[in-house]
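In the two complexes below, chain A is the common chain; its partner is chain B in one and chain C in the other.
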Partner chain A sequence: MLDADFFRRWLTAAAAAVDREAARLTELDSPIGDADHGSNLQRGFTAVAAALEKEAPTTPGAVLTLAGRQLISTVGGASGPLYGTLLRRTGKALGDDAEVDEASFAEALRTGVDAVAALGGAAPGDKTMLDALVPGVDALSTSFAAARDAAREGALATTPLLARKGRASYLGERSIGHQDPGATSSALLFEALAYTAVGTGGRAAGDD
Partner chain B sequence: MTDGPLAGPLVGIVLVSHSGPVAEAVAALATGLAGGATTAPVAAAGGTEDGGLGTSAELISAAAARVDRGAGVAILADIGSAVLTVKALIAEGDELPDGARLVDAPFVEGAVAAVVTASAGADLAAVESAAREAYDYRKV
Partner chain C sequence: MKMLINVAETVVADALRGMAAAHPELTVDVENRVIVRRDAPVAGKVALVSGGGSGHEPLHGGFVGPGMLSAACPGEVFTSPVPDQMVRAAAAVDSGAGVLFVVKNYTGDVLNFDMATELAEDEGIQVAKVLVNDDVAVTDSLYTAGRRGTGATLFVEKLAGAAADAGMPLERVEAVARRVNENARSFGVALTACTTPAKGGPTFELPSGQLELGVGIHGEPGRERRPMMTSREIADFAVNAALEDLRPRNPVLVLVNGMGGTPLLELYGFNAEVQRVLVERGVPVARTLVGNYVTSLDMAGASVTLCQVDEELLRLWDAPVRTAALRWGV
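Let's turn to the complex of A and B:
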């Protein structure tokens, strides 16, 4: 079972991963975006980590909705409302339970991913964060490690795609040949999730 | 459209741009063109809180609260995160005044149409429809 502490540790690990990879995310966002993805997410996840420490929410749902709210208000770019919606919808889908099992979490995260697709009007193959989120959540029913690997593969597979959404879509053919920064940061979230799952019992990273 | 000014309060307009100066200038343009004795409340929410390019959810919420007179708030946004942040705030349910809605319209032309219509005392549906119609005006 996963409790509020698990989700707090996940988001803290995600904040650390974003911090560590901020320069690379911004570098990926430089040829096809407006070169602020790393710094925007860094600002957002720093605010998430601070809010979780200050407010100490006690249920998984409350942890995720608080984090989502912070991202919407602090990121400043499109990734804010998108990741904010992902976490809030996932949190709301989890409800008020003190602990959730892995299957319920996978189902709730699917609700969150669907909400991201609806908000941005995008689908897999459009060279967006959905290219990592969708395979990641699909594989989550297998294991956290499988989700991490699928999301990473999905992010790498965005390189040859033509961008159809967001700032990169204005570049048309010139968007081809660059890995999508949003899919890359989404893969980091799954990486942090698999990292957090190690040692929590149940199916840890690397199992299966 | 309604026949002349209504007794009720005016619809508020919020202009959300990636750029603070763009939002301010479009607000000034639309208010100036509305002329008349009464002008609908208009608020600009452009850029980030520290004056950079981007979108601030806080600035949008504050702007919507400022122009809310109880008749609804029409929000116009330019691109990317401006649109997505407004949609996310509306989905939150409690971040914007009741009756706040994102209007699907071109930013400058839609803002002028919305402010002129709202200043004439029209209701939210009429303001929204006037702003949307700005898409139909072809320039060549």
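Let's turn to the complex of A and C:
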């Protein structure tokens, strides 16, 4: 079972991963976007980590909705509403339970990913964060490690794609050949999830 | 890369502190990033709120004042503001007559303003929205997020601002804004990439002998790269691209806009070529504005925006305006 502490540690690990990879995310964003994806997410996840420390929510749902609200209030751009919606809707789907099992979490995360797709009007293959989120959540029923690998592969597979949504879409054919920064940061969330599951009784234990 | 900054993290806040010091007629909330005309809310009048990423100065903060915007919310550099800023701005300027959000068509701006609209309506503020999407460089709107909002933002903000000042109700102000957008087209070119503080270097590589045709305003590359052209050739290309799409039957307002790194000497020279093409194409020019208004940091380059006007829109253009960056008739 996963409790509030598990989700707090997940988001703290995600904040650390975003912090570590910020320069690379910004670098990926510069040929096809506007070179700020890393710094924007860094600002948002720093605020998430601070808010979780200050408010110490006691249920998984409350942890995720608080984090989502923080992202919406601090990130800006498209990433703020999209990542904020992902976490907020996942949190709302989890309800008020003090602990959730992995299957319920996978189901809730699916709700969050669907909300992202609806908000951005995008689908897998459009060269967006969904190219990592969808395979990631699909593989979550196997294990956290499988989800991490699927999301990472999904992000890598965006390189040859033609962008159809977001700012990279304005480049048309010229967006081809660049890995999508949004899919790359989405893969980091699954990486942090697998990392957090190690040693907590999650199915990824010992996998890494 | 040399920039006149302290550190990248405080660039926007530092600029707002400086703006506050230079413009006592504005209330600048540095912490929450909202710029409001000091006399807001103006009783009985519709308020205009716009916002977007920083790095496009004087857009939008420079257009706050009587006859134009009631408030502006600047985001991080090239990043849309967050809904909290927009709601705060709307609450500060709403007199009860409602608020018009002027939104440039970029995914981030659209999503954040959508969220802000919901939140503002929850607070009992009547909100209308106009989406600016004038950039003809984006041709394939079926598979993209649609046309970008660029230079026409100035026309929408000026003309809708004058409509609000004239005491028109929200739906009429909104209708004016939409009409302006529908009658405006832009095309931009970049001679260099721009430098974002976060990256500290050019956002893309543009060799010295090349230019980018069809750029937006976020330092993103354009539609096509070609060997450098003369001012005359660029004017032919840009004006014809806009006219192909607009096909005006009435006179047009012309905005020859610098991207931030091109001096007025070049912009005026470029305007001479723009006017020549318009004469050749038989398009009468009602008014012309030349300068750096919708910029991309230090990018060299320019955009041309044409807006077809009728008598009412022309009257609204000529109406007095008193802002940091645009000022006449007062």
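The rule we apply is simple: the second predicted complex is superposed on the first by the 203 of 208 C-alpha atoms of A that agree within 3 Å, B and C clash if a C-alpha of one lies under 4 Å from a C-alpha of the other, contacts with A are read in each partner's own complex, and residues count from 1 in each chain.
One rule holds in what follows: contacts are C-beta pairs under 8 Å (C-beta built on N, C-alpha and C of every residue); 3 or more make two chains touch, one makes a residue touch a chain.
Quick caveat, the model's predicted, so the values are computed rather than measured.
Bringing the complexes onto one copy of chain A puts chain B in a clash with chain C.
When the two structures are aligned on the shared chain, A:Asp36 is found in touch with chain B and with chain C. Contacts of A:Gly172 after superposition on the shared chain: chain C is touched, whereas chain B is not. By the touch criterion defined above, A:Lys92 reaches neither chain B nor chain C. In the superposition on chain A, A:Gly76 makes contact with both chain B and chain C. Of the two partner chains, chain C is the only one touched by A:Arg164; chain B is not. Once the two complexes are laid over each other on the shared chain, residue contacts for A:Arg24 go to neither chain B nor chain C.
The interface of chain A with chain B overlaps its interface with chain C at residues 34, 36, 40, 72-74, 76-82, 119-120, 166-167. Residues 8, 53, 75-84, 106-108, 111-112, 114-115, 137-138, 140, 143-145, 148, 196, 198-199, 203-204, 216, 218-221, 223 of chain C touch chain A in their complex. By the touch criterion given at the top, residues 34, 36, 40, 69, 72-74, 76-82, 84-85, 88, 115, 119-120, 166-167 of chain A touch chain B in their complex. Chain A meets chain C in the complex at residues 26, 30-36, 38-40, 43, 72-82, 119-120, 162, 164-167, 169-172, 174. Of all residues in chain B, only 48, 52-58, 80-81, 84-85, 87-89, 91-92 touch chain A in the complex they form.
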